[in-house]
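Look at the two complexes coming up: chain A is in both, with chain B in one and chain C in the other.
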Partner chain A sequence: MSTVRRAPREALRTRTRRRRLGSIVLNGVALIAFLYILTPLVFVTWLSFYLQSIPSYPPQGYSLRWYSQAATNQQFIDAFVLSAQLGVIATAIGLLLALPAALGLVRVRFRGRALVSNILLMPLIVPGIVLGFALYVFQVEIEIRSGLPVIGSFWGLVWGHVLLTIPWIVRLIVASLEGMDRAQEEAAMNLGANRFTTFRRITVPAILPGVVAGALFGFVSSFGNLEMSLFLVGPGRTTLPISILQYLQWRIDPTIAAVSVIQIVIVVAAMLFTDRFVKISRVV
Partner chain B sequence: MARLQLDTLSKRYGDFYAAQDVSLDIADGEFLTLLGPSGCGKTTTLRMVAGFVEPTSGMIHIGEREVTELPPWRRNTGLVFQNYALFPHMSVAQNVGFGLEMRGVAKAQREPKILEALRLVRLEHLADRLPRQLSGGQQQRVALARALAFQPDVLLLDEPLSNLDAKLRQEVRLEIRNLQQRLGITTVMVTHDQEEALTMADRLVVMAEGRIQQVGTQRDLYERPATPFVAGFVGRSTFLRGRMKADVLVLESGLSVRCGRRLVGDAVLALRPERVTLTAEPPAGFDNVFIGEVEIVSYMGGLTDVHVRISPSDRIIAQIANGEGVRLPEVGNRVHVAWSSNAAIFAVPREKQPEAVH
Partner chain C sequence: MDTSSQLRSGTVISASSLIGPATILVALGVIVPLLFLLRYSFNEYDPRLLMVEAFTPANYVDFFTDPYFLGAFFTTVRISVVCTLACILLGFPLAYVLARTQSRFKNLMIIAVVIPLFVGNAVRAAGWMTLLGSQGFLSVTLMDLGITSTMTEIMFSETAVVIGIIAVNLPYMVLTLQSVLESVNRNLEEAAFSLGAPPLTMFRRVLWPLSMPGIAAGTILTFILAMNAYATPVLLGGPEFRMLAPLVYGQFQMNNWPLAAAIAFVLMATTLLLTVVASLVTRQGFRN
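Showing the complex of A and B:
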């Protein structure tokens, strides 16, 4: 009798043990992935506070000199301002183009929808070098034929960066449009709101997290882009990633680490700030 | 408040009629329920009234106004959605006031009306909450208040109770009905739940395959169903199929059933379980008596269903009212099932009718 009763209890114990083991493995894997992502960031941050100019272990002391170095380097300041302007303008134009595109993709049933949707993702898939080179050749052709100063101009650069922002914005707006309950729009119309009012009062608030997240990701991918920008910048006009690269060709002191940390802090701050207003985590 | 008229309303998608020749005249203050299985056209009909589906042909009048071509926002109907469709970023008060706001009512004038609407559903204390902070039942009531706050001509309810649990459903059912009668608002409800339909409406419309099967009171539909579909959908029935010879229906098994009605050709006969008598000894006074074997006995509290096989292909369901001294048959018992020919609620030529449920 007692053996009969013990059997299921033992089975239960094995099962609990197995489940516990499973969760340990899962947590372990998550930890490894987390460390893998975080380690370089931690080391860059650590390095940025080193006293000596040649990165070597152990550090001879700590200082903030590389931060002041970075903050007073006119080249970095100019590059930072340019990258920020570029990111904001490219993202704004990207939004104007991507919002109608996303609405069309989700709300209108047309032939070749999947194709258009994939084409809009292309800038994410095509290597930046290829994209940059293709744009460069195209701009050369335009300049030759029209005489307009396109190559190396600010708007030539914006043009390229808009392409970088579009896939992110389209994807994330599409996701939030698809996740939206359309009955809410019908409810608004039933209550007396016309199409435009419905869009403004109901649709926009509903997809706002997607719009903001898309804009943020678009901005970040523009801000950090190196390969494509290499083809599109002109004399006296360098973006931050390019000026970092140029600096690294001559020196390897921790100024670069300080610049990187500033960059990381800005992006993280932007994400935390926007997350307070719209729950980006809901769409990404 | 207004009369609502649908005149031969149809909606066609390619070759498929989602709704066909739907004509209804709903009196001012009437509560009409569209009842049918999914895909029967009831929701399409409701959405045509609300303006979300454009009819292929036909006309809709609300009061004196012809609204067939009007967009939803110009129709002045209040629609309660199945999933409530509350605006998640607006408070309960803003949700309820949205219809008034769209009609250009100033904020100061809106507030008393919002409170009044919330009072109707006893939620005035939750005006500042967000929808996600409310229970399902409360959300449902907010949706109702929102649809009523701007005094629509017609109230439309799209399966309003299907997302509530069984107990709450009973309560809300009565509450909606009371409210509707108190306000005297013309109401059209869509449901697939016959019990819901039976308890709430003044009149019912049974639909199947895009067409109206029958319009009538609860009693009309239950006691005088117009088609086998209605007999199967409203209440339960045993169906017997066969060929008519004078007033006798000859079943495929060879059994003869007296119908009290003369028909020609293939026919279907429907029997309500409660009209069938079950006895151990041969009963007197019935013109249809068959001997059969009890196959299933299912006890349901006040009632017991007994399924009796009277031939290899025919099974009759009889219902017994449980009570003191009532002896229930057991599976395998030989019993007599009997009914008089006028108990057969229904017998029609078996043509191309929608298949009855069961």
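Showing the complex of A and C:
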């Protein structure tokens, strides 16, 4: 009798032990993956506080002077200003184009809707190197045929960056439009509001979080773009990611680490700000 | 009530005026330029005259007959496969934990995974350079612990590039898988356990098949990104290291545009082809 009763209990114990082991392995690997993702950011931040100018471990002490060094380096300031200008202008143009497109995609049923939405996402799918090269070639052809100075111009660069912002803005506004309750709009119209008032008073506030999130994602993807910009910047002009790349090809030191940390801080701030409007876990 | 009926007769006009400008700009900025690039890839290169109008497959033939370019090609494919597999192995547990956690820090943890995506690959490469350099943290710590007696040089090698690309691509895999795992009903797992399945069996028979759409999407995404990696191989692989994306830019800078265009299309075509193969394989796995 007793053996019969013991057997299931033993089996249960093995099972619980196995589940516990399984969950330890699972959580262990998850932790490793999480730390792995953050490792490079931790080390570049650490380097930015080193006292000595070479990246040899252990540091001889800690200092903040590389930040003032980075903030007074004219090349980095110029690159930062250009990247910020590009990001703002490209996002503004991107919003003007993408907001109506998102409205059209969600609110109007038409043939070829899937095709259009795929076309609008293309800049995210075509590799940056290929897209940058193709766009450069196209700008060369335009300049040859029209005589307009397009190659290496600021607006040529803006054109490329607008392309980068559109997929993000469309995606995030579409997501918020799809999650919106249409009954509110119908109620407003029933109460006598015309279409414009309904749009202004009901639709805009409802999708505002999506607009803000889309704009920030668009800005950040323009601000951090490297591959496409490599082809489109003219002589004597560099964006921040390009100047970081070029510096790192030459050497690594706490100054470039400080520049990197400034970029990280901007991205973190943008993300935490966005998160107040739209939960990031829901939109990425 | 149907949306389109509200918009009555203006539907066609309003649809095209809403969607038209963005679509035209993207088409003019992506599709037309790609067609020009394709045309360039059939042109001839002359060291003196640079690009000469022609219609020849010579650049493609050159690419596939030159051991230098072929080497870069196989290195790129090999690294992409290794990195993608590593991303599945590391990404699945993290995605699962993020999807299932009840922690109030869940959103913060997800933000921590998202942030590196936007920080830029060059910045992250700088982090790896600090860690992996010959006088970096890893090398010195290994010597201090007596594990190695000489400096460990990982920088400027395929290993460094693989380490770097995995870190770049892992967040994409995690986020893709996490969104799919969120929708997998937890009760199914509990049901498998209560029927006596050990964890691995539960994973193989329940969780893995149900998360297949996410695994397929994540695999394709990380594979495309690995194939087209630029900053990571340039900075962590060093000047001698060859992958296809840096090769495109290198040939472009050397003014051989036709060859650079051909390499760009080989890169796109290979990525597309292997993506299709990967999605067929995973769909097959899904059916079984």
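Simple rule for what comes next: the second predicted complex is superposed on the first by the 239 of 284 C-alpha atoms of A that agree within 3 Å, B and C clash if a C-alpha of one lies under 4 Å from a C-alpha of the other, contacts with A are read in each partner's own complex, and residues count from 1 in each chain.
In this section, a residue touches a chain if its C-beta (ideal position, glycine included) is under 8 Å from a C-beta of that chain, and two chains touch if they have at least 3 such contacts.
All values reported here derive from a predicted model rather than from experimental measurement.
By the touch criterion defined above, A:R145 lies against neither chain B nor chain C after alignment on the C-alpha atoms of chain A. Once the two structures are superposed, chain B and chain C can be ranked by residues of chain A touched, with C on top.
When the two complexes are overlaid on their common chain A, residue A:R9 makes contact with neither chain B nor chain C. In the superposition on chain A, A:R276 makes contact with neither chain B nor chain C. In the superposed model, A:W159 makes contact with chain C only, not with chain B. Contacts of A:L38 after superposition: chain C is touched, whereas chain B is not reached.
In the overlay built on the shared chain, the residue A:N194 is in contact with chain B alone; chain C does not reach it.
According to the touch criterion, the shared surface of chain A, contacted by chain B in one complex and chain C in the other, consists of residues 186.
On the side of chain B, the complex with chain A involves touching residues 50-52, 71-73, 75-79, 81-83, 85-89, 98-99, 102-103, 146-147, 150.
On the side of chain A, the complex with chain C involves touching residues 11, 15, 18-19, 21-23, 25-30, 32-34, 36-44, 46-47, 54-58, 97-98, 100-101, 103-105, 107-110, 116, 119-120, 122-123, 125-131, 133-135, 137-138, 141, 159-160, 162-163, 166, 170, 182, 186, 220-221, 224, 226-227, 230-231, 241, 244-245, 248-249, 252, 256-257, 260, 263-264, 267-268, 270-272, 275, 279-281, 284. Touching chain A in their complex are the following residues of chain C: 1, 3-4, 7, 11-12, 14-15, 17-19, 21-23, 25-27, 29-34, 36-37, 40, 89-91, 93-94, 96-98, 106-107, 109-116, 118-131, 133, 135-137, 139-141, 164, 166-167, 170-171, 174-175, 193, 196, 198-200, 224, 227-228, 230-231, 234-235, 245, 248-249, 252, 257, 260-261, 264-265, 267-268, 271.
Remark: chain A residues 181, 183-184, 186-194, 197, 202, 205-206 touch chain B in the complex.
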